[in-house]
Amino acid sequence: VRRLTLSTDRREQMVDITDMVAAAAAELGDAAAVLVHVPHTTAAVTINEGYDPAVVDDVLGVLARLVPHDDGYRHLEGNSDSHAKAIMVGSTQLIPLDDGGLALGRWQRVFFCEFDGPRSRELWISPVSA
Amino acid sequence: VRRLTLSTDRREQMVDITDMVAAAAAELGDAAAVLVHVPHTTAAVTINEGYDPAVVDDVLGVLARLVPHDDGYRHLEGNSDSHAKAIMVGSTQLIPLDDGGLALGRWQRVFFCEFDGPRSRELWISPVSA
Amino acid sequence: VRRLTLSTDRREQMVDITDMVAAAAAELGDAAAVLVHVPHTTAAVTINEGYDPAVVDDVLGVLARLVPHDDGYRHLEGNSDSHAKAIMVGSTQLIPLDDGGLALGRWQRVFFCEFDGPRSRELWISPVSA
(Lines give C-alpha, C1' and ligand atoms only; values in the text may rest on other atoms or scores of the structure.)
Protein backbone atom coordinates (compact mmCIF):
# COMPACT_ATOMS: atom_id res chain seq x y z
CA VAL A 1 0.00 0.00 0.00
CA ARG A 2 1.45 3.34 -1.14
CA ARG A 3 0.44 6.38 0.89
CA LEU A 4 -0.01 9.73 -0.85
CA THR A 5 -0.99 12.99 0.84
CA LEU A 6 -3.03 15.97 -0.23
CA SER A 7 -4.47 19.11 1.33
CA THR A 8 -7.94 20.51 0.90
CA ASP A 9 -8.84 24.14 1.41
CA ARG A 10 -12.61 24.24 1.83
CA ARG A 11 -15.14 22.37 3.98
CA GLU A 12 -16.64 20.70 0.89
CA GLN A 13 -14.52 20.25 -2.18
CA MET A 14 -13.92 17.85 -5.03
CA VAL A 15 -10.21 17.78 -5.92
CA ASP A 16 -9.14 16.30 -9.26
CA ILE A 17 -6.53 13.66 -8.32
CA THR A 18 -6.35 11.90 -11.69
CA ASP A 19 -2.74 12.84 -12.43
CA MET A 20 -1.61 11.90 -8.93
CA VAL A 21 -3.32 8.51 -9.12
CA ALA A 22 -2.00 7.92 -12.66
CA ALA A 23 1.57 8.69 -11.56
CA ALA A 24 1.30 6.28 -8.62
CA ALA A 25 -0.30 3.62 -10.86
CA ALA A 26 2.55 3.90 -13.37
CA GLU A 27 4.93 2.73 -10.64
CA LEU A 28 2.84 -0.30 -9.69
CA GLY A 29 4.23 -2.53 -12.41
CA ASP A 30 2.07 -5.01 -14.26
CA ALA A 31 -1.28 -4.56 -12.48
CA ALA A 32 -4.80 -4.97 -13.90
CA ALA A 33 -6.36 -2.28 -11.75
CA VAL A 34 -5.51 0.22 -9.07
CA LEU A 35 -7.39 0.38 -5.79
CA VAL A 36 -7.75 3.94 -4.49
CA HIS A 37 -8.73 3.93 -0.83
CA VAL A 38 -9.52 7.01 1.25
CA PRO A 39 -8.62 6.09 4.88
CA HIS A 40 -10.95 8.71 6.35
CA THR A 41 -14.59 8.68 7.43
CA THR A 42 -15.60 12.18 6.29
CA ALA A 43 -14.09 12.09 2.79
CA ALA A 44 -14.63 9.92 -0.29
CA VAL A 45 -13.39 9.20 -3.80
CA THR A 46 -15.40 9.18 -7.02
CA ILE A 47 -15.08 9.27 -10.80
CA ASN A 48 -16.93 11.91 -12.82
CA GLU A 49 -16.61 14.80 -15.25
CA GLY A 50 -13.74 17.25 -14.80
CA TYR A 51 -14.05 19.36 -17.93
CA ASP A 52 -16.62 21.87 -16.68
CA PRO A 53 -15.95 22.72 -13.01
CA ALA A 54 -19.63 23.63 -12.64
CA VAL A 55 -20.44 19.89 -12.61
CA VAL A 56 -18.70 19.19 -9.31
CA ASP A 57 -20.06 22.43 -7.86
CA ASP A 58 -23.56 21.27 -8.72
CA VAL A 59 -22.90 17.82 -7.25
CA LEU A 60 -21.62 19.34 -3.99
CA GLY A 61 -24.75 21.53 -3.99
CA VAL A 62 -27.03 18.51 -4.41
CA LEU A 63 -25.31 16.68 -1.54
CA ALA A 64 -25.45 19.77 0.72
CA ARG A 65 -29.17 20.13 0.06
CA LEU A 66 -29.87 16.43 0.65
CA VAL A 67 -27.77 16.22 3.82
CA PRO A 68 -27.78 19.59 5.64
CA HIS A 69 -24.83 20.47 7.86
CA ASP A 70 -27.10 21.03 10.88
CA ASP A 71 -30.14 18.84 11.21
CA GLY A 72 -30.54 17.82 14.83
CA TYR A 73 -27.90 15.10 14.64
CA ARG A 74 -26.90 13.14 17.76
CA HIS A 75 -23.13 12.98 17.02
CA LEU A 76 -21.68 15.94 18.95
CA GLU A 77 -18.72 16.63 16.67
CA GLY A 78 -21.08 18.42 14.28
CA ASN A 79 -20.04 16.57 11.14
CA SER A 80 -22.66 13.85 10.75
CA ASP A 81 -23.46 15.30 7.33
CA SER A 82 -19.85 14.62 6.29
CA HIS A 83 -20.09 10.99 7.40
CA ALA A 84 -23.37 10.47 5.55
CA LYS A 85 -22.02 12.02 2.33
CA ALA A 86 -18.86 9.91 2.56
CA ILE A 87 -21.02 6.77 2.77
CA MET A 88 -23.24 7.85 -0.13
CA VAL A 89 -20.24 8.51 -2.40
CA GLY A 90 -17.99 5.71 -1.14
CA SER A 91 -14.44 5.48 0.17
CA THR A 92 -12.81 3.39 -2.56
CA GLN A 93 -12.58 3.20 -6.33
CA LEU A 94 -11.10 0.34 -8.32
CA ILE A 95 -9.86 1.72 -11.63
CA PRO A 96 -8.87 -0.59 -14.52
CA LEU A 97 -5.42 -0.14 -16.05
CA ASP A 98 -4.44 -0.46 -19.69
CA ASP A 99 -0.70 -0.67 -20.42
CA GLY A 100 -0.02 0.88 -17.03
CA GLY A 101 -2.28 3.91 -17.63
CA LEU A 102 -5.69 4.51 -16.06
CA ALA A 103 -8.40 3.11 -18.34
CA LEU A 104 -10.93 5.91 -17.98
CA GLY A 105 -13.64 7.13 -20.32
CA ARG A 106 -13.13 10.31 -22.33
CA TRP A 107 -14.75 12.64 -19.76
CA GLN A 108 -13.86 10.70 -16.62
CA ARG A 109 -11.57 12.13 -13.95
CA VAL A 110 -10.89 10.86 -10.43
CA PHE A 111 -11.92 13.15 -7.56
CA PHE A 112 -11.05 13.21 -3.89
CA CYS A 113 -14.23 14.37 -2.14
CA GLU A 114 -13.65 16.45 0.96
CA PHE A 115 -16.71 16.75 3.18
CA ASP A 116 -15.14 18.10 6.39
CA GLY A 117 -12.14 20.24 5.44
CA PRO A 118 -9.96 22.02 5.13
CA ARG A 119 -7.59 19.25 6.19
CA SER A 120 -4.48 17.33 5.35
CA ARG A 121 -5.60 13.97 3.96
CA GLU A 122 -4.19 10.63 2.79
CA LEU A 123 -4.90 8.47 -0.20
CA TRP A 124 -3.85 4.82 -0.27
CA ILE A 125 -3.03 3.19 -3.59
CA SER A 126 -2.57 -0.54 -4.16
CA PRO A 127 -2.21 -2.74 -7.22
CA VAL A 128 -4.63 -5.51 -8.07
CA SER A 129 -3.59 -8.13 -10.62
CA ALA A 130 -5.26 -9.78 -13.61
CA VAL B 1 -10.05 -4.53 -20.91
CA ARG B 2 -12.95 -5.87 -23.01
CA ARG B 3 -15.34 -3.27 -24.41
CA LEU B 4 -19.04 -4.12 -24.74
CA THR B 5 -21.73 -1.82 -26.08
CA LEU B 6 -25.38 -1.32 -25.31
CA SER B 7 -28.15 1.11 -26.19
CA THR B 8 -30.63 2.70 -23.86
CA ASP B 9 -34.01 4.02 -24.92
CA ARG B 10 -35.16 6.34 -22.16
CA ARG B 11 -33.61 9.26 -20.25
CA GLU B 12 -33.55 7.24 -17.03
CA GLN B 13 -33.46 3.48 -17.20
CA MET B 14 -32.02 0.49 -15.42
CA VAL B 15 -31.06 -2.20 -17.94
CA ASP B 16 -30.45 -5.75 -16.72
CA ILE B 17 -26.97 -6.61 -18.06
CA THR B 18 -26.39 -9.75 -15.98
CA ASP B 19 -26.33 -12.16 -18.94
CA MET B 20 -24.03 -9.89 -20.94
CA VAL B 21 -21.59 -9.55 -18.04
CA ALA B 22 -21.76 -13.30 -17.31
CA ALA B 23 -20.97 -14.14 -20.94
CA ALA B 24 -17.98 -11.78 -20.95
CA ALA B 25 -16.81 -13.14 -17.58
CA ALA B 26 -16.96 -16.72 -18.88
CA GLU B 27 -14.29 -15.79 -21.43
CA LEU B 28 -11.93 -14.25 -18.88
CA GLY B 29 -10.37 -17.52 -17.83
CA ASP B 30 -9.40 -18.24 -14.26
CA ALA B 31 -10.30 -14.94 -12.56
CA ALA B 32 -11.50 -14.34 -8.99
CA ALA B 33 -13.72 -11.42 -9.82
CA VAL B 34 -14.86 -9.31 -12.74
CA LEU B 35 -14.56 -5.54 -12.73
CA VAL B 36 -17.45 -3.84 -14.54
CA HIS B 37 -16.59 -0.23 -15.34
CA VAL B 38 -18.94 2.30 -16.93
CA PRO B 39 -16.69 4.78 -18.81
CA HIS B 40 -19.33 7.54 -18.71
CA THR B 41 -20.11 10.35 -16.28
CA THR B 42 -23.92 10.30 -16.50
CA ALA B 43 -24.46 6.55 -16.14
CA ALA B 44 -23.66 3.98 -13.47
CA VAL B 45 -23.72 0.27 -12.63
CA THR B 46 -25.35 -1.40 -9.64
CA ILE B 47 -26.52 -4.76 -8.32
CA ASN B 48 -30.10 -5.21 -7.11
CA GLU B 49 -33.35 -7.10 -7.57
CA GLY B 50 -34.48 -7.94 -11.08
CA TYR B 51 -37.47 -10.20 -10.42
CA ASP B 52 -40.12 -7.50 -10.00
CA PRO B 53 -39.52 -4.66 -12.48
CA ALA B 54 -41.38 -2.32 -10.10
CA VAL B 55 -38.28 -2.29 -7.86
CA VAL B 56 -36.06 -0.49 -10.36
CA ASP B 57 -38.95 1.80 -11.30
CA ASP B 58 -39.28 2.78 -7.65
CA VAL B 59 -35.52 3.29 -7.32
CA LEU B 60 -35.46 5.55 -10.39
CA GLY B 61 -38.41 7.43 -8.86
CA VAL B 62 -36.55 7.91 -5.56
CA LEU B 63 -33.47 9.25 -7.38
CA ALA B 64 -35.56 11.58 -9.57
CA ARG B 65 -37.28 13.00 -6.48
CA LEU B 66 -34.00 13.45 -4.58
CA VAL B 67 -32.15 15.01 -7.53
CA PRO B 68 -34.60 16.93 -9.76
CA HIS B 69 -33.76 17.39 -13.45
CA ASP B 70 -34.05 21.19 -13.18
CA ASP B 71 -32.93 22.79 -9.96
CA GLY B 72 -31.01 25.96 -10.74
CA TYR B 73 -27.79 24.11 -11.59
CA ARG B 74 -24.73 26.00 -12.88
CA HIS B 75 -23.64 23.40 -15.49
CA LEU B 76 -25.22 24.61 -18.72
CA GLU B 77 -25.62 21.23 -20.40
CA GLY B 78 -28.72 20.63 -18.27
CA ASN B 79 -27.72 17.22 -16.96
CA SER B 80 -26.24 17.94 -13.54
CA ASP B 81 -28.86 15.64 -12.05
CA SER B 82 -27.43 12.80 -14.19
CA HIS B 83 -23.90 13.44 -12.90
CA ALA B 84 -25.07 13.53 -9.27
CA LYS B 85 -27.04 10.28 -9.63
CA ALA B 86 -24.08 8.58 -11.33
CA ILE B 87 -21.89 9.52 -8.35
CA MET B 88 -24.49 8.35 -5.82
CA VAL B 89 -24.84 4.94 -7.51
CA GLY B 90 -21.21 4.50 -8.63
CA SER B 91 -19.48 3.75 -11.91
CA THR B 92 -17.94 0.36 -11.12
CA GLN B 93 -18.89 -2.97 -9.61
CA LEU B 94 -16.50 -5.75 -8.70
CA ILE B 95 -18.37 -9.05 -8.84
CA PRO B 96 -16.90 -12.25 -7.39
CA LEU B 97 -16.70 -15.30 -9.66
CA ASP B 98 -17.24 -18.93 -8.73
CA ASP B 99 -16.09 -21.51 -11.29
CA GLY B 100 -16.21 -18.81 -13.97
CA GLY B 101 -19.81 -17.79 -13.22
CA LEU B 102 -20.94 -14.63 -11.45
CA ALA B 103 -21.27 -15.32 -7.72
CA LEU B 104 -24.46 -13.38 -7.07
CA GLY B 105 -27.14 -13.81 -4.44
CA ARG B 106 -30.46 -15.41 -5.36
CA TRP B 107 -32.24 -12.14 -6.19
CA GLN B 108 -29.24 -10.14 -7.41
CA ARG B 109 -28.96 -8.93 -10.98
CA VAL B 110 -26.50 -6.44 -12.49
CA PHE B 111 -27.98 -3.22 -13.89
CA PHE B 112 -26.60 -0.56 -16.18
CA CYS B 113 -28.10 2.70 -14.91
CA GLU B 114 -28.79 5.27 -17.61
CA PHE B 115 -29.34 8.77 -16.25
CA ASP B 116 -29.03 10.82 -19.46
CA GLY B 117 -30.30 8.70 -22.33
CA PRO B 118 -31.30 7.51 -24.74
CA ARG B 119 -27.73 6.86 -25.87
CA SER B 120 -25.30 4.32 -27.15
CA ARG B 121 -23.10 3.33 -24.21
CA GLU B 122 -20.03 1.24 -23.38
CA LEU B 123 -19.26 -1.18 -20.61
CA TRP B 124 -15.68 -2.20 -19.84
CA ILE B 125 -15.00 -5.61 -18.35
CA SER B 126 -11.70 -6.76 -16.87
CA PRO B 127 -10.58 -9.79 -14.89
CA VAL B 128 -9.12 -9.57 -11.39
CA SER B 129 -7.27 -12.57 -9.99
CA ALA B 130 -7.27 -14.41 -6.68
CA VAL C 1 -15.75 -17.50 -1.99
CA ARG C 2 -16.13 -17.93 1.79
CA ARG C 3 -19.66 -17.56 3.15
CA LEU C 4 -20.17 -16.02 6.59
CA THR C 5 -23.51 -15.50 8.32
CA LEU C 6 -24.86 -12.89 10.66
CA SER C 7 -28.19 -11.91 12.20
CA THR C 8 -29.66 -8.47 12.47
CA ASP C 9 -32.24 -7.46 15.03
CA ARG C 10 -33.81 -4.27 13.76
CA ARG C 11 -35.35 -3.13 10.45
CA GLU C 12 -32.51 -0.67 9.90
CA GLN C 13 -29.16 -1.28 11.51
CA MET C 14 -25.47 -0.86 10.89
CA VAL C 15 -23.55 -3.80 12.38
CA ASP C 16 -19.80 -3.49 12.91
CA ILE C 17 -18.35 -6.53 11.09
CA THR C 18 -14.70 -5.43 11.10
CA ASP C 19 -13.46 -8.24 13.35
CA MET C 20 -15.39 -10.86 11.41
CA VAL C 21 -14.01 -9.64 8.09
CA ALA C 22 -10.48 -9.36 9.52
CA ALA C 23 -10.62 -12.94 10.82
CA ALA C 24 -11.79 -14.24 7.43
CA ALA C 25 -9.13 -12.14 5.64
CA ALA C 26 -6.39 -13.58 7.86
CA GLU C 27 -7.20 -17.02 6.44
CA LEU C 28 -7.03 -15.90 2.81
CA GLY C 29 -3.25 -16.20 2.55
CA ASP C 30 -1.19 -13.76 0.54
CA ALA C 31 -3.90 -11.49 -0.90
CA ALA C 32 -3.68 -7.78 -1.74
CA ALA C 33 -7.26 -6.99 -0.89
CA VAL C 34 -10.43 -8.64 0.37
CA LEU C 35 -13.71 -8.35 -1.51
CA VAL C 36 -16.70 -8.19 0.83
CA HIS C 37 -19.91 -8.89 -1.06
CA VAL C 38 -23.42 -8.73 0.40
CA PRO C 39 -25.52 -11.21 -1.64
CA HIS C 40 -28.80 -9.45 -0.80
CA THR C 41 -30.81 -6.67 -2.44
CA THR C 42 -32.02 -4.87 0.70
CA ALA C 43 -28.72 -4.71 2.59
CA ALA C 44 -25.33 -3.15 1.92
CA VAL C 45 -21.77 -2.84 3.20
CA THR C 46 -19.84 0.34 3.95
CA ILE C 47 -16.79 1.70 5.75
CA ASN C 48 -17.14 4.52 8.26
CA GLU C 49 -16.61 5.61 11.86
CA GLY C 50 -17.34 3.13 14.63
CA TYR C 51 -16.05 4.98 17.68
CA ASP C 52 -19.17 7.04 18.45
CA PRO C 53 -22.30 4.95 17.80
CA ALA C 54 -24.23 8.20 17.26
CA VAL C 55 -22.58 8.49 13.82
CA VAL C 56 -24.27 5.42 12.35
CA ASP C 57 -27.55 6.37 14.06
CA ASP C 58 -27.36 9.76 12.33
CA VAL C 59 -26.53 8.14 8.99
CA LEU C 60 -29.51 5.76 9.29
CA GLY C 61 -31.63 8.81 10.15
CA VAL C 62 -30.45 10.69 7.06
CA LEU C 63 -31.23 7.70 4.82
CA ALA C 64 -34.67 7.20 6.41
CA ARG C 65 -35.51 10.87 5.83
CA LEU C 66 -34.27 10.81 2.22
CA VAL C 67 -36.02 7.53 1.36
CA PRO C 68 -39.22 7.14 3.42
CA HIS C 69 -40.52 3.64 4.13
CA ASP C 70 -43.93 4.44 2.61
CA ASP C 71 -43.99 6.77 -0.35
CA GLY C 72 -46.47 5.44 -2.90
CA TYR C 73 -44.07 2.85 -4.28
CA ARG C 74 -45.20 0.38 -6.97
CA HIS C 75 -43.34 -2.68 -5.60
CA LEU C 76 -45.95 -4.48 -3.49
CA GLU C 77 -43.56 -6.06 -0.99
CA GLY C 78 -43.35 -2.71 0.83
CA ASN C 79 -39.56 -2.51 0.93
CA SER C 80 -38.66 -0.29 -2.02
CA ASP C 81 -36.96 2.08 0.40
CA SER C 82 -34.66 -0.80 1.43
CA HIS C 83 -33.70 -1.47 -2.21
CA ALA C 84 -33.00 2.21 -2.88
CA LYS C 85 -30.84 2.57 0.25
CA ALA C 86 -28.91 -0.61 -0.65
CA ILE C 87 -28.13 0.89 -4.07
CA MET C 88 -27.11 4.24 -2.60
CA VAL C 89 -24.70 2.60 -0.12
CA GLY C 90 -23.52 -0.27 -2.33
CA SER C 91 -23.32 -4.03 -1.98
CA THR C 92 -19.55 -4.55 -2.06
CA GLN C 93 -16.40 -3.16 -0.51
CA LEU C 94 -12.85 -3.95 -1.61
CA ILE C 95 -10.55 -3.48 1.37
CA PRO C 96 -6.75 -3.37 0.96
CA LEU C 97 -4.67 -5.76 3.08
CA ASP C 98 -1.31 -5.09 4.68
CA ASP C 99 0.56 -8.17 5.99
CA GLY C 100 -2.75 -10.04 6.06
CA GLY C 101 -4.54 -7.43 8.17
CA LEU C 102 -7.17 -4.98 6.94
CA ALA C 103 -5.49 -1.72 5.88
CA LEU C 104 -8.03 0.70 7.30
CA GLY C 105 -7.68 4.28 8.47
CA ARG C 106 -7.57 5.04 12.20
CA TRP C 107 -11.34 5.63 12.55
CA GLN C 108 -12.54 3.28 9.84
CA ARG C 109 -14.67 0.24 10.61
CA VAL C 110 -16.59 -2.03 8.25
CA PHE C 111 -20.38 -2.09 8.63
CA PHE C 112 -23.05 -4.44 7.37
CA CYS C 113 -26.04 -2.21 6.61
CA GLU C 114 -29.41 -3.84 7.22
CA PHE C 115 -32.29 -2.02 5.55
CA ASP C 116 -35.04 -4.67 5.80
CA GLY C 117 -34.44 -6.67 8.96
CA PRO C 118 -34.45 -8.31 11.29
CA ARG C 119 -33.10 -11.20 9.24
CA SER C 120 -30.45 -13.85 8.96
CA ARG C 121 -27.96 -12.62 6.37
CA GLU C 122 -24.85 -13.75 4.47
CA LEU C 123 -21.57 -12.07 3.71
CA TRP C 124 -19.28 -13.41 0.99
CA ILE C 125 -15.55 -12.89 1.29
CA SER C 126 -13.01 -13.47 -1.48
CA PRO C 127 -9.32 -12.71 -1.91
CA VAL C 128 -7.96 -10.50 -4.64
CA SER C 129 -4.24 -10.65 -5.44
CA ALA C 130 -1.54 -8.06 -6.07
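Order as written gives the chain letters A, B and C; numbering starts at 1 within each chain.
Throughout what follows, a contact is a pair of C-beta atoms (placed from the backbone, for glycine too) under 8 Å apart; a residue touches a chain by one contact, two chains touch by 3 or more.
Remember, predicted model here, so these are calculated numbers, not experimental data.
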Pairwise touch network: line, ring, star, complete, or other: complete
Superposing rotation of chain A relative to chain B, computed on C-alpha atoms, to nearest 5°: 120
Chain B and chain C: spacing of chain centres that average the CA atoms, whole Å: 20
Shared interface positions of chain C, touching two or more other chains: 66, 88, 90, 94, 128-129
Chain A-touching residues of chain C, taken from the complex the two chains share: 32-33, 46-49, 52, 54-55, 57-59, 61-63, 66, 88-90, 93-96, 98, 103-108, 128-130
Residues of chain A defined as touching chain C within the complex: 1, 31, 35, 37-41, 66-67, 71, 73-77, 80-81, 83-84, 86-88, 90-92, 94, 122, 124, 126-129
